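Two complexes are shown next, each including chain A; its partner changes from chain B in the first to chain C in the second.
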Partner chain A sequence: MGAWATRQRYLIDFAALSLWRHGARSLGLWLIYVLVVFVVASVILYGAAIRREANAVLDAAPDVVAQAMRMGRHEMSTGADIEKLRGLRGADRLEGRLWGYLYDTSAAANFTLQVPSGFDPRFRLERGEAIIGEGVARLRKVEAGKMLFLISPARRFLKLKVKQVLPLGSALVSSDLVLVGEADFRAFFDLPAGQYTDIAMRVRNPAEVGKIAEKSLLALPGHRMVTRADMRRTYEAIFSWREGVLVALLSGALLAFAILAFDKAAGLSAGERREIGILKAIGWDTGDVIGMKLWEGAVVSVGAFLAGTVAAYAHVFLFSAPLIEPVIKGWSTLFPRVTLTPTVDALQVATLGFFTVVPYLAAILVPIWRTASADPDRVMR
Partner chain B sequence: MTAPAPFRASTPVFRIAGGLVAAAIAALVHVAIAPGEAARLEGERALVEALDLTDLALFTEARYGRHRSQADLHSAFQDGPMLAEHFPAGSMVPPARGFPPAGFADGEGE
Partner chain C sequence: MILHPPILALVLASLIGCGLIAWASLFAWRLLARWDLASGAESQIALERRTYLVSTVMAFVMAMQIGALVLFVFNADRMAAMFVGAMCAVGTLNASVYGFPALYAKMAMFFAASLWLVADHVDGRGRDYPLTRFKYRLLLAIAPLALVEAGLSLAYFLDLKADTLTSCCGSLFTPNKDGIAAEMASFDAASALGLIAAALLLAGGTGLAAGSGRLPTGVLRVASLAHGAASLFVFGAALIAIVSALSLYVYEHPHHHCPFCILKREYGYVGFALYLPLFAGTALGAGGAMLRTLPLPASLNVALPSIAGGLARASVAAFALFAAVAAAIVWRSGLILIGG
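Moving on to the complex of A and B:
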C-alpha cells in the first residue's frame, strides 16, 4: 500500500472510532438518514418504473379512437360511422369496440365488460363463455372452468363459464376485465345491433396518425378523436402529478431532516473543538483533520445513500411497493397486483446521490476548516 | 506462529461498505437480467394490441377513473350535478388539459 493510502486508512480508523464513541447518536442520525433516502428513492424508482411500463404497453394501443359526442357527452357510434371511416386511405385495422362498466354489488367493484376484437382467434368466445382478469378472479373467487354470474342494473342475468383467467403479469392493463361474446354483451346491456361504444383504428404509417385523425374528424364531425399520443400524455400527467403530490407531502419531513443533519454536521460541540485542538497540538496538520472529518461524513452519507437506495429497490421491485401503493390505489377495491419491470434511471439516482452526499460534506467542511486552521492553544481553551 | 493482526476500526467499516456495494451491484444485475420480464412485457403488449385496450386498470374506484384517456370533461360531475369530485383518484388527477384537442376558449392547456 502506498504512503497516501496508508495515511488515509489511519484516518478512516480514527474516523470510525470517533463515530463509535458517539455510538447511539451517530446511529440514530444514520438510521433517519437511511429512512429519508429510502422514501425518496422509493418514489423515484416507482415513478420511473410505472411510467416506463405505461409507455411500453400503451405503445400497442390503437392509434386513434373515435368517440361519438352528443351535447358534449359521450354517445354510441353506429355501423354507418364505421363505414364512413372505411374509405380513408392509410387506416388499417378498423373496428367498433364494445365495452362498458358494470358495478358488481357482490364484489363492490367496477368491472370493465368488453367484447374482444375479432382479429385475434385466441380470444374468440362462444355464448356463455368469458375470459376474466386477475382482479375479477381474485374478488369473485373463481378460476378457469368455474361459473361467473353477473347481474346488470336492469336486473338482467348473465351466466358465464370462465374459459381462461388472464395472466397475472398483464394485470396492469387487464385486472378488471370481463371479456364476453358480442351476443352476450348486447343482450346483457340491452344494446341494439349496429351500435358500438367507440371506434378503434390502426394506422399503417405512424407519421400519418395526425393526418388520419384530422380526416376522420372531417368524415365524422360529431366525433372526438383520441390519439395514442393523447393516451400517453394522460398517464404522463397523472404520474407526474401524483409523484409531485407525494414529494410535496414529503418535503416538510425532508426539510426537517436537512436542518437536523446540517445542525449536526455544521455545529461543532465544545468537545469536538477540543478534540481537534488536541490533534493539532500533537502534530496533525489541518489537511489531516479535515480529511478525517470528511471520511467520517462520507461513511455516514454514502452509507446512508447506498443502504436507502438498495432498500428502496427491494421495496419497489421485490415487494411491489406496499408503502406507495395506497397513494396510487385510492379507494379501488379492485387494484391490480402490479408487477413492474425493474428499471433504474441512472440520472435520477445520480441526482439523489449527489443531493444526499455533497451538501452533507459541504456542511461539515467549513466549520472544521475554521476550527482546524485556528491556533490549537486558542481552540482548546 | 505469527501474532494475530491488531484490530483496526476501519475493518468493519470496509466490511459494511463492501456489503452495501455488493447489494447495489446485485440490484443492478437484477435490473440487467430481470428474469422473465421481457416475456411478461411482451405478453402484456400483445394483450393490449389484441383487445384494443387504451388505459391502465389502476383507478377502478369510479367509472370515470378507469379509462382516463377516454373520459370527457363532464366526468367529474357525472354522478350528479351537486356532487363534487369525491374519489381520491379524481382529486389527485390533474384536469385533462389535452382535451378538447382544439383547446379551451380561455387559451389554457395550450
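Moving on to the complex of A and C:
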C-alpha cells in the first residue's frame, strides 16, 4: 500500500507541475468547465432551496382543507357545510375561510384578499383596517399608518388604513396579501353572510389526518379534501420537475462540453507529445502516463467543481439567483423578494458531480490512452 | 418518469456505464480468443495496448457504479416526500415493482465491481499481464449483470409516478408478516447481536491471520479463504442485526425495524456510518480471498501475497469500525432491549 501511495504522490506532483507548465493552454477549457458546473449547480441549489422554503411555509397550513365543487369547478361552501363537519372527533379549529383574488389595475398585479383566521389573535382587524404584504406595500407605495384604496370589479370602493406591513421573512407567501376584516371583505365582494371560500381544520393527531379527511368526505360528498401532505407533495413535484426540466435541457450543453473536452484532450501540442515520448523513453510505462494524465484531469475537475459550486452558491444565496429564478419559481408582476436560507447537502453535491465530472472524465479517457500508448520513437521523431 | 436531477444523474451514469461495459466485453471476447503473450504479432501488441484503455475505462465505470449505489439509496430516501404513504427509502423503492430488484442489482454490481477493481489493481503490478485472462473472463461474467442492472434501474425510474400509493417501512419490516424482511425482523435481538458478534470475531481472527506476513503460505491461503467466507457471513449477520436490533436502538422504539430510516437526517445519517464500513469490509475481504483462489503467477510472487494481506487487514479495520459504530449505537441508546 505504501509503495502504491508513494507512486501516486509522485504522479500527482508531476501532473500538477505539467499543468503549471501547460496551464494557459487548458485555461479556456477550464473556464468553460467552471461555467458548466456553475449553471448546473445554480439550478440544483436553487431548486432544493425553494423546495425547503415551500415546505417551511406549509408548516403553518391547515391539516385539511375542504373545498366545495360543482361541475368540477370550485364553489363556495356554506355555513351548513361547516355544521356537518362539527363534532368530527379529532378535528380541531374548524372554520370557514374567506379569501379571493383582486386584479388591481393601478399596480397591474393580482392581490390576494383574505380574512385572517379567528384563531389567530395577532391579526385581529377592526372595520377599515388592513395588514398588507411587502409586495403590496412596495407596488402601492404605502406604509403602516397610511391609507390603501381598493376598487372591486363591481366598482365598489374600499378605504383601508394600513395597520401593519408583514415582515420580509414570510414574503414567499405573503407578498401579495391584503388582510381585511370579515365585514369589509363581504361588503367589498358583495358576498352574502354564511358563504365561505373553503373550510379549514386542524387535526390534533397527525396520524389521523388521512382518516379525518376520509370522514369529512363522507359528511360532505360534494367537496374535495386537500391535506397538507397533498400540498407538500404537489410543491415537491412541481419544483423537482422544473429543476429536472432545466437540467435535462442543460444536458445538451453538457454533451457539447464533453465533446469539447474530448477534442481538447485529443489535440496535444508537439511539446507535450515530445514530453510524453521522453517520459516513455526513460522508463515510464503506459499505465504511468495514463495515471499522470488522469490525475491532471482530476486536478482540473476538482478545481472547476469547487470554483463553479462556490460561484453558484453566491449566485443563489447572496443574489437570489437572478439568472434562473423566473424559470423555477414562476413569474408575475408582484414578485416576492425573498432571500433563501443557505443549505447545501451531500445529495446535491453528489448529483452535481455525476452531471459534470463524470461526463468530463468519460470524454477524456480515450484521448488520454491514445496519447499514452504512442510509441516513444514515433512521437519524438 | 419523474424528472428529478438525481434520477437524471443516475440514468446518465447507468447509460454511460452500460455502454462502456458492452464495448469492453466485445473487446474481452476478442482478447480471450487471440491473447498469446508469446507472440510478437502486430495484433497481439495492439491487444496489449488496448488493455490499458479497457482497464482505465472499466476502473472508471466500476468506481462510478460504487458511487451510484450510494446516490441511489440517498435519493430514494429523499424522494419519499413525493409518494403517498412513503416515509423513507422503502416507500420510494416500493412505489414500483422494479424498485427493490434494482437496489439488489446495484448491490450485486457494487461487489462485482470491487472484485474487478482488485483483480485489475493486482494485474497492474505484474509486468507480464499475469491476470489478464482471468480479468477479462470476470468482465464477461459481470457484463450481463451490468445490463440487467441498467435495465432494472431504467425500468424503475420510468415506472415511477408522483402520487403513487405505496407502503411504508412499518408495514414491510414487521415480525408477523411473510417474506424475508419479516423473517429478519422477527429475529430475537439478543441472538441477532450474538450472531453478529460471533461473525465479527471470526472475521477478525481469520483476517488478522490472513494479514500477518509470518505464517506459512498454505496457512495464509486457508486463512484468507476463511476470511472471505467469514466476510460474507458478517454481511448477512449484520443485515439481520440491523433489522432486528440495531435499528431499534437507533430509533429507541421497540417495534420500528426499518433498515433505511437510519439513513435519515433525523438520526444523524448514522446508517451511512454503519453501511459504508460494512460494504467496504465485505468487498475487501471477498477481494482478498478471490486473489488467493488464483494460481500464483511468477511475476506476482511478492506483490500478490502482500496485496491480499493488505486487503485482509483493511477488511478487518472496516469491520472494526462497523463494530465500533454498532457498539456506540447500543451504548448511547435509551432503549433497553435485552435484560433490564
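FYI, the second predicted complex is superposed on the first by the 306 of 381 C-alpha atoms of A that agree within 3 Å, B and C clash if a C-alpha of one lies under 4 Å from a C-alpha of the other, contacts with A are read in each partner's own complex, and residues count from 1 in each chain.
Note that in this section contacts are C-beta pairs under 8 Å (C-beta built on N, C-alpha and C of every residue); 3 or more make two chains touch, one makes a residue touch a chain.
Remember, it's a predicted structure, so these values are computed and weren't measured experimentally.
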{"item": "Touched partner set for A:233, first chain B, second chain C, both or neither", "value": "both"}
{"item": "Partner chain in contact with A:354 - chain B first, chain C second, else both or neither", "value": "second"}
{"item": "Contacts of A:132 with chain B and chain C, given as first, second, both or neither", "value": "neither"}
{"item": "Contacts of A:98 with chain B and chain C, given as first, second, both or neither", "value": "neither"}
{"item": "Which of chain B and chain C A:343 touches, first, second, both or neither", "value": "first"}
{"item": "First (chain B), second (chain C), both or neither touched by A:313", "value": "first"}
{"item": "Per-residue touch tally on chain A - higher for chain B or for chain C", "value": "B"}
{"item": "First, second, both or neither for A:245, with chain B first and chain C second", "value": "both"}
{"item": "Intersection of the chain A residues that touch chain B with those that touch chain C", "value": "233, 237, 241, 245"}
{"item": "In the complex with chain A, residue positions of chain C that touch it", "value": "2-10, 12-13, 16, 20, 49, 52-53, 55-57, 60, 64, 67-68, 70-71, 74-75, 78, 81-84, 124, 162-163, 310"}
{"item": "Chain B - residues contacting chain A, complex", "value": "8-10, 12-13, 16-17, 20-21, 23-24, 27-28, 30-31, 34, 37, 40-41, 43-63, 65-70, 72-74, 87-89, 92-94, 96-101"}
{"item": "Residues on chain A engaged by chain C in the complex (per definition of touch)", "value": "1, 43-44, 47, 229, 232-233, 236-237, 240-241, 243-245, 247-248, 251, 286-287, 290, 294, 346-347, 350-351, 353-355, 358-359, 361-362, 365-366, 368-369, 372-373"}
{"item": "Contacting residues of chain A [partner chain B, same complex]", "value": "9, 12-14, 16-17, 20, 53-54, 56-62, 65, 67, 69, 72-74, 95, 97, 101, 103, 109-110, 112, 114, 116-117, 119-120, 122-123, 133, 135, 166-167, 169-177, 179, 198, 200, 224-226, 230-231, 233-235, 237-238, 241-242, 245, 299, 302-303, 306-307, 309-310, 313-314, 317, 327-336, 338-339, 341-344"}
